[in-house]
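Two complexes come next, and they have one chain in common, chain A, joined by chain B in the first and chain C in the second.
Our next item is the complex of A and B:
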């Protein structure tokens, strides 16, 4: 056990709230885990040595700044604002955050603070795969801040719900979000984390999609600098549920994101796109794990990344088709562009298929730009260097264009382009 | 003189394809280059545009006072050379509109003209898309992404209209088109014939030349122009095919009349 993990255990033993019985179980599981090394499969390409001996104070409201949370133009989202994992309040259109009790929520939406919400399970995912979700377990035992979000059965909540967390102090923080989308309900949820100070944070969200529900989901892990970030979004899909999820990741000292998806009801459909764009020295690790437990499920997953000078990207995409999951359609594709010799990409698709009547395809590439495309652009007068920028950026722009929400893609595209242009010039 | 090609020899992967080609094109002229498969028709377009892998072994090409072979691919385009591809490449992720705006403004800058603003460009792009009968939606897609063969060809002609080049090389722009699509392409080309702009229309069949009437027709065989004449030469080819080339019947005259 590392010094850091010892401090987690020590802190966990002092947490006393109504979740404590559940936390106690999670702590047991946590104590059974070994501290990951390079030989631990889930951490083979992501070293935790910068975390091992780190001791930071736990976050408190005292560090919160008063600066405004950036608004996504044209989105008109309902923003649940966190700073360093501490809940600040609910804000609309960049106004000052209000306490949760005073917020006027759209019909069909109810939101409670984690500790005000009875009968909440901590995490089914961390329980099922403890060795995989070490930081999920850490979050289980320490997260006292968070939200429980319910979309009422049959309700359509048109206003996008954004949970935004700014890391602004050199502290350690843990928060979580639980979302239940009721039967036949529809909603859009954006998890938006950013900040680059020398912090340690865990941020996990768990989504339960009831039968016939629809969720549009975005996870923006836009950290940077010295931040050490561990997060995840976990989904349970009920019968005929539809999920459209987009992950966007920048790297930082360590940035690790786990996307887990379980098909627990038949005929569910999941589209998952992920884009990562790593500037010099950044590290980003995306692990996705799809479980087809029942027949007739569909998953389409596309992850694309561009890695600049001395950055490191890790992609691990697992698809597990259980014995009974006949007629599953599952596709996984990971494409990467390496802009420099100093950059590093580790990509690994993992398929485990135990049913015989399924369609499953996967591919992983580290590519260079096609000369044919470059030539075509040049024959139209565009200089080679500019054509390269257009093509390289086009490679991820394709997925950005697929985002169902135009306000979000229009907000994101220029930022990605700016980031990319800076990477190109290195 | 718009274009003067002298004794051009070029190879691909160490195989010589063009074997001493001569051609002179004056401003405002339309030249058709016909020939059997494998004669080097597409190679000519690629060599003139500067495609990588196409090695010039010998010869000179003067384009509007520039030493064409000394220029980069994009510089040739900026100087007013346009190649409409037989098989335009698909580039998902790069929006057609963004690509064309970038392209047109780069070329305008090279000509010493003011770049278009987004609004100005949208206006002329709309007009051009109507002219080639391509729904405006196609401008929002990735470059040629999911376009049919005919739509790709029309997209090429649209770019030609927007770029206002001095010399257009159309590489088998008729291949794979039905008669209606062919007319759209031909109308697009004819609308750009202004007495100054020159065209080289490369085609296997005479069909396209019913709609784009050439001033001169050249037969390209085995890397050389073996016969040149007026529009009537195309009719001859239509009637007798290219078999006569093998019979040693070709009255091989070096070079083209101009």
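Our next item is the complex of A and C:
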């Protein structure tokens, strides 16, 4: 156990609230975990040595800055604002955040603070998130800030729900979001984290999609600098549920994201796109796991990344077809571009299959832009440097364009382009 | 379909007989004195013994790897005998006429006649029985070409410089748990040296046979292809049908110097155990080759046997423009478990590698591909293509793919694709419509699935492999 983990355990023992029974179980598991090393499969390419001995104060409202949280233009989202993992309030279209009780929520939507939700939503806690994620367990025992979001059965909440967390101080923070999408309900949830302070943060979210429900989901892990970030989004898909998820990640000192898609009801459909764009020296680690536990499920996953100088990208994409999950269709594709000799990419798409009547495939590539393609653009009068940007950026823009919400893709695309252009110039 | 599958699973293992041969077998157990005795039996020089002891001491500190997708009861390394040799081999027969006829009959029964006149012309055989090499055929003819092909125990005596220079140079003695064990207790195996510019005039082949009960086989093969040379080497293996598990932990090292080419083919048919998973060989093998400039190493394997297969023939592409290839068919049925694949380590410029892996799982078996493709910072213009396909027959088996890809070079290109499917009813129906019975149809479909690999095998082996597969699948679909 590292010094840092010892401090987590120490802090956890002092937490006492309605979630304590569940936290106790997690603490037991946490105590059984070994501190990851390069020999730990899930941490093979991501070293935790910068965290090992780190001691930071826990976040409190005192560090919060007064600056406004940037809005996503044209989105008109309902923003649940966190700062350093501390809940600030609910804001609409750039207005000042209001306390949760005073917020006017759309029909069919109810939101409670994690600690106020006493037992009513206990069923959603630790249901979709598997217990093997080390930092998930840390979040289990320490996250006292967070939200429980409930979309009523049959309701369509048209206004996108954004949970935004800014890291603005050198502190440690943990927050948790639980989302329950009722039967036949429809909603859009955006998890948006950013900030580059020398902080440690865990941010985990669990989604339970009831039968016939539909969720449009975005996870933006746009951290940077010295932030050490560990997060996850975990989904349980009920019968005929539909999920469309997009993950966008930047790297930082350590940025690690775990996504789990669990098909627990038949005929569910999940599509997931992931884009990661790593500026020089950044580290980003994306682990996705798709569990087909029942027959007739469908999953499509596409992940693409561009890795700058001295940056390290890690991708691990697992598809697990359980014994009874006949007639499953599952596909995973991971493509990577390495921009310079100093960068590093490690990718591992995994298939683990226990049912015979399934169609599963995965593919992975690592490459650079083909000289032929560059030549073609140059013959059309486009300067080489510009051609490079076009081709490289086109590679990820394809996935950005697939985002179902145009306001979001239009907000994101220029940022990605700017980031990429800056990378190329360095 | 499941009835027929059961039949398939129950098919006979043709090589499962036991030869009634008196043997000198060490008592079970392993400590430094056992290693000293092995070394003394082989009349080894001091440096070899020292090397073995160093390996043994590091092995004691090592942990058995548990990362593979395999489940088996822990191996008790103290309940194995580390040396067994037919008594008749004690006096070192000078020619085939002096070899115990029962030994020769064993090989005849396996379809490997050791009399040169009866053999397929053009294949020289080194026959290894338990811990000793019985005979190596065509040695004179090979010597004319300057090719050395002999048991490794003999090479240690006769060509100590060559052995000393290359042994452990590809697989260091502390490389992994099983390799270290092998370094400590290896008993025999083949040594091949092809001189500069020589194209080996015939295929070389080693046939491994485990006979004695409660023994392990730890053979070691070292092949050195000097500059501009070429050799094709085949390896086959079988063992009697027994209820106890037996351990086989081999090490194979290949050295391909500048412009050399080594083609290494294996048909592995160790006893796989019965339908309930009782008995069978635990096959933990370390195979690796180093390619210098413009060199090429090609691994082809057909894995149908063993209760447990743990095997990753690899290529270190150190020289510029070197080429590594891996073609594999792995068939598991009954309760067999295989975790096999390859590593392609690209270090030189413009190095190329191809990986074609076909896994077929039937019965209650589990079949995993595990591979690593690594592009080092110096691997400018390197290229890899990987294709892993799995075929599932029946709903109780499992197929897995774990490909690791690491790249540190922007101009290197890595492509990996994998698919999993079953023999479709449509394909079967089509074949049956054309008058084929179901069994033939399955066999044809599976053969087609494996064709890319079979075409890489030398002719005699390709025939054997095709036959093996056919027998293995016999009755799988009626």
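Of note:
By our rule, the second predicted complex is superposed on the first by the 412 of 426 C-alpha atoms of A that agree within 3 Å, B and C clash if a C-alpha of one lies under 4 Å from a C-alpha of the other, contacts with A are read in each partner's own complex, and residues count from 1 in each chain.
Here is the rule we go by: a contact is a pair of C-beta atoms (placed from the backbone, for glycine too) under 8 Å apart; a residue touches a chain by one contact, two chains touch by 3 or more.
Note that the structure is a prediction, hence the values are computed from the model and not measured.
After superposition onto chain A, the modelled positions of chain B and chain C are compatible, with room for both. With both structures placed on the common chain, the touch criterion links A:68 to neither chain B nor chain C. In the superposition on chain A, A:41 makes contact with chain C only, not with chain B. By the touch criterion defined above, A:116 lies against neither chain B nor chain C after alignment on the C-alpha atoms of chain A.
Applying the stated contact rule after C-alpha superposition, one finds that A:32 touches neither chain B nor chain C.
Once chain A of one complex is fitted onto chain A of the other, the partner contacts of A:340 are limited to chain C, with no touch recorded for chain B.
Look at A:366: by the touch rule set out above, it reaches chain C but stays clear of chain B.
In the superposition on chain A, contact is made by A:351 with chain C only, not with chain B.
Comparing chain C and chain B on the residues of chain A they touch gives the larger count to C. Of all C-alpha pairs linking chain B and chain C after the chain A fit, the shortest spans 16 Å. When both complexes are aligned on chain A by C-alpha atoms, no chain A residue touches chain B in the first and chain C in the second.
On the side of chain A, the complex with chain B involves touching residues 370-373, 375-384, 386-387, 390-391, 393-398, 401. Contact residues on chain B toward chain A in their complex (touch as defined above): 49-52, 72-74, 76-78, 82-83, 85, 88-89, 91-95, 98-100, 102-103, 106-107, 110, 142-143, 159, 163. The touching residues of chain C, when paired with chain A in their complex, are 67, 69, 375, 377, 390, 392-395, 397-422. Residues of chain A touching chain C in their complex: 41, 45, 323, 326, 336, 338-368.
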